[in-house]
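There are two complexes below, and they share chain A, which is joined by chain B in the first and by chain C in the second.
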Partner chain A sequence: MAALTREAAGRLLARQGILVAFAVFMVVFALANPRFIDIGNVAGVIRSSAILGVMALGVTFVVIGGNLDLSVGSMMSFSTIVVLDLHDTLGPALAIPAMFALTLCLGAFIGILVGYLKLNSLIVTLGMLSAIHGLTLMWSGGKNMDIADKAGTWFGIFGRGDVLGIPVPILIFALLAVVLSVVLSRTPFGRKVYAVGGNGTAATFSGVPRARVVFLTYILSAFCVAIAGLMQASRSLGSQNTVGQGMELEVLAAVILGGASLLGGAGTIFKTVIGVLILGFIQNGLLLMGLEFYVQYVVTWVIIILAVWLDIAAKRSRLWSPIA
Partner chain B sequence: MTDATPVLRLEGIVKTFPGVRALDGVDLELRPGEVHALMGENGAGKSTLMKVLGGILQPNEGRILIDEAPVVMTSPLEAKGKGVVFIHQELSLADELSVAENIFLGELPRKRFGRVDWTRLYATTDAILKTLNVRFDARTRVGDLSIANQQMVEIARALTVSPRAVIFDEPTASLTDAEKVVLFDVIEDLKAKGVGIIYISHRMEEIFRITDRISVLRDGQYRGTLRTAETTEDEVTQLMIGRSLDLSRSPVRHALGKVALEVRGLSCGHLYRDVSFSVREGEVLGFYGLVGAGRTEIAETLFGLRTPSAGSIRVNGDEVRIGSPVDAIRHGIGLVPEDRKGQGLVLGMNCRDNMTLPQVDDLSTGPFVSDGAEVAIFDQYRDRLDIRTPGWRQIVGNLSGGNQQKIVIGKWLSMRPQVLIVDEPTRGIDVGSKSEIHNLIRDLAAQGYAVIVISSEMPEVLHVSDRIAAMYSGRIMRTFAAEEVTEDSLIQAISGLEPEKVA
Partner chain C sequence: MAQTTTFTAAAPPDDAPVRKPRSQLVVQGAIWGFVVLELIFFSVAGRFLSNSDTAFLDLDNMLLLLKQSAPIGIIALGMTIVMINGNIDLSVGATFALSAIVLLDSMTWPFMQALGDWAIPLAWIFALATGTALGFVNGLVVWKTGVDAFIVTLGSMLGYRGLVFMYNGEQPTSHLNWTLVDFAEAQFLGLHTATWFLLGTALVLWLVMTRTVHGRNAYAIGNNREAAVNAGIRVGPHFLLNFMLIGFLAALSAVVFYSESGSVNPNDGMLYELWAITAVVLGGTKLAGGYGSIISTLGGVVAIQLLRKGLGYIGADTETVNLVIGLILIAVLFLDRQLNRKGSEELKT
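Now for the complex of A and B:
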C-alpha cells in the first residue's frame, strides 16, 4: 500500500513536476511575505507577464516543431516602433494592420530559411535578432518613438484598457492562450507540429509537408510577436528601440520551464502559460523581498535551473532507460 | 548437453509498467556452453526480461543468480563487470568515432597524464577483431560500416571482457544470409568457450539451426522449456500462441483488374537502372533480392522521396510526376518503410496519432481533429493486427518492437491506398502475426488493391506473391509467375548468375 502511494506520487511528480515546483514556490514566498498572494499583486504580475506570455505562446509552436526562435525580442521592438511611427502618419486604424503585415513578412522570411531551405534555426534566428534590430534603428533613425497626441487617441486600450474590470492585456493573453491551445491540441495542424518536431523523417514518410509546417510555426510566432508589440506600444504610447531586448531568452526560459522539449515534439500551451507565470512570480517575489534588480537576474536563473532539474529528475525516476 | 550448474538463473521475476504487467514471475536457467532461445509473441516480455538481466531495468520482484549466488545489477556496466553482456537490436554506436574508440568507449587505455594509449588501443582492438574474422580494422570510422559490420562492433565490445553470458536480442533482423553465417560462427565460438548464450528471434529456421533449448514466454509468464532436438516448430508455436498455425492455406488466386501502376525504364543514378514493371489491381508483386539490390530505392522513388534520372511512372494509365510523399498519397500510393524507428514512427507520440497521421486532415470535422473517427480506426486495426497495448494513449516508444511494426502497417492499411508498397513488412513480427499480415496482404489484393511486397525472406515472397521480380545490383533480372518459380531459379536470378531475360 505504502509502495503504491509512493508510486502514484512519483507518477504525479513525473507528469506535473513543474506544477508541483510552482506550488511549493508559491507557498514558500507567500509564507515569507503575505502581500505576495494579495489579489492586486497577483493581477499585477499576470498583467505584466502578458506581453512575454503572448510571445511565449507563439514560440511554443516553434519549439515543439523542433526549432528555436531567438529573434522574437528584437522583432517585438520592431513591431512596437513601427506601429508607433505609423500611428501618427497613417492613423491607428491603418497603422495596426500595416505593422502586422510587416512583422509577418519577417516571420515568413525566417520560415522560408528554416522550413524550405532547411537552415539551422539557431543560426538563422540569431542572425535575425541583430538584423531586425538594425532594421528597427533604420526605421526610427535611432531616436525614441512617441505618439504626439497621447491624450487624444484610442490606441491605448490594448495596453491600458479594462473590460468589466479585467485589464485588456490579461484578456488578450488568456484569449490567445485558449485559441492557440485548441489549435495545438485539437487541429490537424497542431498534430503535424508535434509529428514534425518528434521525428521529421517519419512525418515526411507519413505525407506531412514538413517544410510548410515549420514555415507556419514561424508565421504564427511572428503573429504573436505583432500582438505583443501592439500591447507594448499601446501600454507606453512611446518606446525606445530596445524595448524587447533580451526577451527572447526569457521567452525561451518560460517555454522550457513549462516543459517543452528543446529537441521538439513535446510541450503544451497550458504548460507554457504555467512557465510564464512561474517566471513572473519569481521576479515579483524577489522584488517584494527587496532585492536589487541585478541580484534578481542571478536568482531568477538559479531558480530556473533548479526547476528544470527537478522536472528532469522526476521524469528520470520513472524512465525505464538510463539513456535519454 | 551436460547438466552442469547454470551460469545464470532467474527466479520469479516480476516487472510492471503503468497499466502493463510485462513479466509475471518468470524463471529461466542458462547453462554454460548452451545456446538458449527465448521465444514468445510480440509483447510477451522477452526484451523486458533481458533488460532486467542486463541491468537496464530493475525488477519489482524476483532474484538473479550468477553461479548460484544472488546478484543485484543496477546498470549495464555493472552487468558487464559480472560477465553479462547484452547485444541490442537497436545499435548504440557513435558514428563519428573509430571502431576501436567505440569498443573501448569509457575505458580507453591510458598512458601517463591521462593521455590515450593509441598504439595499445588499436593493437588490442585488432586482436579482438581478428577472432571475429571481419574485414575492417580498428581505425575504420563506424559510420562507414554496414549494419552487419556495426553489429560485429557491438559483439566485439562484448568480448573485451570474458563474458559468462551473452544476450542477443533479434540480432539477425537486418542481416543478409551471408552475414548471418558469420554471426552464427561467432556464436559457435562463444559456445565452445563455455559461454552461455540467450538468443531472441522470431525466425524458426534459425532457432532450430543454432539453439540447444527453447524457453517460451506468453503474456509475461514462463510457459516452459523444450529441448530443440526433441521438439517441432508446431510444438513451439502451440506453446507460444496456444494454437497451431494453419500454414496450408495457400493464397487464393483471383482475376486481376486493370494495370494500376506501370513503371518504364526507370533509373536513379547508380542505385538502379532501366527498371520496368507493372502491377495490376488485385495483384501482389514481390520484389526479392539481396540487401542493396536497389529494391528500397525503387520504393522510395515511387513514394516521391527520390527523383528518378530517367523513365516514367503511370498510375491508372496516366503519366504522373511524383515529387513528394504528399503527391504519392494523392495518387493513391502508400509505403510501409523498412526502418520503423527512423521512418515509420514518431516514437514520442501515442499509438492512435501515429496510426492516423497520414489521414489526419481527411478525418477532421470542420477545423478540428475527430477523436471518435480516429479511435474507431485505431480500434479496428488493433483488433485486426492484434496489437498489444493498454490503449491508444500509450506512447509508441513503450510498445514492444513487433507491436511498433504493426502500428506502421496499420497506418497504411487504414489508408486503403490503391497501390500499397510494403518494405520488409514482417521484420521482428512473431509467427502468428506474420501469417496474419500475409493474409491481410492477400485480402487487400482480393479487394482489388495492387500490392508490392519487398522482402529478403524467400518463404515470405513465395507465399504472398502472384509474380516475383528478382533483383540483382540495381536491375530486375527476371520476373517469375508464382506457378513457375522455384527456390533455385530465384536464388540464381538474385545472385546475377543467370543471363538477363525479359519476362
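Now for the complex of A and C:
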C-alpha cells in the first residue's frame, strides 16, 4: 500500500511536477520577500517575460512535432530591425504586414528544408541562425536602428501601451496562448502535430501529411517570432542587431522546463507558459533578494536538469539511469 | 555488426565499425575539395576585387589563418568525438571562458607570483583541470540521470556562464605575462604555437579514435547503442571520458588563446559551440553518431576560416560571412543526403 501511494505520488509529480515546483518557488520567494507577490511586481515579471513567452509558444509546436528551432533568436532580431527600418520608410501601418511577410518567408524556407526535404532540423536551424544574423546585418548595415520620431508615433502601443489597465504585451501573450492552446489541443491540426512528433512513420501510414504538418509548425513559429519582434521593436522603438541573440536557447529552456520532450509528441501550451513564468519569476525573485542577475543562470541550470531528470525518472520509475 | 563485439585495438581506420556508404570516399574527400575550391576562388577573385597587394595564397597569410583557426578548431575536434559518440556539448563556450579566467587569475595569486615563471605551467594545469572538471560534471549527469546530452549541456551552458560571471562579476579578468606572450607568439618550423597545438590535438585524437579500444567503442555506441550494450560495452564510462576530453580541449583552447591576449571578458566564448558544431558538420560527422572523422573536422575548421578570411580579402562585408556560412551548412546537409542514402536515414533525429 505504501508502495502504491509512493507510486501515485511519483506519478502525480511526473505529470504535474512542474506545477508543484512552480508553487513551491512562489511560496518560498513570497515568504522571503513579500514584495515578490505584489501585483505590480507580478505584472512586471509577466510583462517582461512576454516576448520570450510568445516565441516559446511557437517553438512548442515545433518541438512537439519532433524538431528543434534554434533560429528564433536571430529571426527575432531580423523582424525587429526590419519593422523599425520600414516604420520610417513605409509608415507603421505598412511596415508591420511587410515585416510579417518577410519573417514568414524565412519560416517557410526552414519549413521546406525540414518538412519537405526532411533535413535535420538542428543543423538547418543552426545554419539559419547564422544566415539570418547575416541578413539582419546586411539590412541594417551593422548600425543600430532607431525610429526618428519616437514621440509622434502610435507604434509603441504593442510594447508600452495599456488596455483597461492591463499592459498590451501581457494581453498579446495571454490571447496568443489561449488561441494556440485551443489549436494544439482541440483541432485536427494539433492532433496531427502530436502524431507526427510521437511516431512519424505511424503518422505517415495513417495518412497524416507529415511534411505539411512540419512545414506548418515552422510557419507558426515564424509567426510567433514576428509578433515577438513587433513587441520588442515597439517597446524600445530602437534596437541593436543582436537583440535576440541567445534567446533561442532560453526559449528552448522554457519549453523543456514545461515538459515538452525533445523527441517530440509530448508537451502542452499551458506547461510552456508555466516554464516561461518560472524562468521569469526566478530571475525576478533572485534580483529582489539582492543577488546579481547571473545567479539566475546557475539556478536555471540546476532547475532544468532536475525538472527533466525527475520527469524521465518518473516515467521509467527509476531514479538513476539504466545506462551501464 | 559482429565487428563491434571485438575488443582488439590497433585496427586500421578503414575497419572502423561503420558500414560504409557507397560514396564515403566522396564525402570524406569532399571537405578538402571544398577547401581547394575556396583557395582557387579567392585567389582568382582576389586579383580583380582585392585592394590588397599581397596574394591570397601568401604564405604568411596562410600561416596566420591556421593560427586563427586554432581556438575554434581545438574545440571542434573535441566536439567530433562527442558527436561520434551520439552526444553533443553546448557548454564548450562557457567552459572555454571559465578556464580562461582560471588561467589568468591564478597567476595573480600570491603563492603563484612567488614562483615567478614557474607559475605558468601550474596555471595551465589549473585551467586544464577546470575544463576537465566541468566536462566531468556534464558526463556524469548524462551518464547517471539519463537525460539527453543536448538538454544537460544546454543547462550547463547557462550554469557555467553563470559561474563565469560569479567569478569576477561583469569585469574583465586580465593578467599579461610576457614570457607567456612570447611563447604564444613563437614560431617553430614556421608554424605558430597555436597551430602546433591544433595539429597535435588532431593527431592525438585521430590516434585515439582509430587506434584504441575507446575510439572503437565510441563509434560502436554512436552507431547502435543497444547493439553496443549487448556486446558488453559499458556505455557510461565512454560518455564520461568523452565529455572530460572535450572539457579538457575547451580549456586547452582557452590556454592557447589567452596566453597571448591576456584578458578575458565574461562574455567570451559565446556561440563558440555553434561554430564548433558547424565545423564538425561541414566535415561530414553525423549528428546521430557513429560516423565521423577527426581529419575531416580539421578540413571543416580550415574551410570556415578560409571563408571568413577570403570574403574579407575580396572586400565583402563581414556581414555576408554569416549568411554564406549558414547557407553552406544547409547546402552541405542537402548534398550529403543526396549523395548518401544511408545518411538521410541517420539524419532523422
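The criterion applied here is as follows: the second predicted complex is superposed on the first by the 298 of 324 C-alpha atoms of A that agree within 3 Å, B and C clash if a C-alpha of one lies under 4 Å from a C-alpha of the other, contacts with A are read in each partner's own complex, and residues count from 1 in each chain.
Rule of thumb we're sticking to: contacts are C-beta pairs under 8 Å (C-beta built on N, C-alpha and C of every residue); 3 or more make two chains touch, one makes a residue touch a chain.
Just so it is clear, the structure is predicted and the values come from calculations on it, not from any experiment.
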Partner chain in contact with A:Gly127 - chain B first, chain C second, else both or neither: second
If touched residues of chain A are counted for chain B and for chain C, the larger one: C
Contacts of A:Thr187 with chain B and chain C, given as first, second, both or neither: first
First, second, both or neither for A:Ala202, with chain B first and chain C second: first
Contacts of A:Lys118 with chain B and chain C, given as first, second, both or neither: second
Which of chain B and chain C A:Ala266 touches, first, second, both or neither: first
Partner chain(s) touched by A:Val295 [first = chain B, second = chain C, both, neither]: second
Which of chain B and chain C A:Thr89 touches, first, second, both or neither: neither
Contact residues common to both interfaces of chain A (with chain B and with chain C): 320-323
List of chain A residues in touch with chain C within their complex: 66-67, 113, 117-124, 126-135, 137-138, 141-142, 200, 245-246, 249, 252-253, 256, 262, 292, 294-302, 304-305, 308-309, 312-313, 316, 320-324
Contacting residues of chain A [partner chain B, same complex]: 11, 182, 186-188, 190-192, 194-195, 198-199, 201-209, 265-266, 320-323
Footprint of chain A on chain B - complex, ascending: 17-18, 51, 56-57, 75-76, 92, 303, 305, 324-326, 328-329, 335, 337, 342-349, 353, 357-358, 360-361, 364, 367-369, 411
Residues on chain C engaged by chain A in the complex (per definition of touch): 90, 141, 143-148, 150-152, 154-163, 165-166, 169, 229, 234-236, 239, 270-271, 274, 277-278, 281, 287, 317-330, 333-334, 337, 344, 347-349
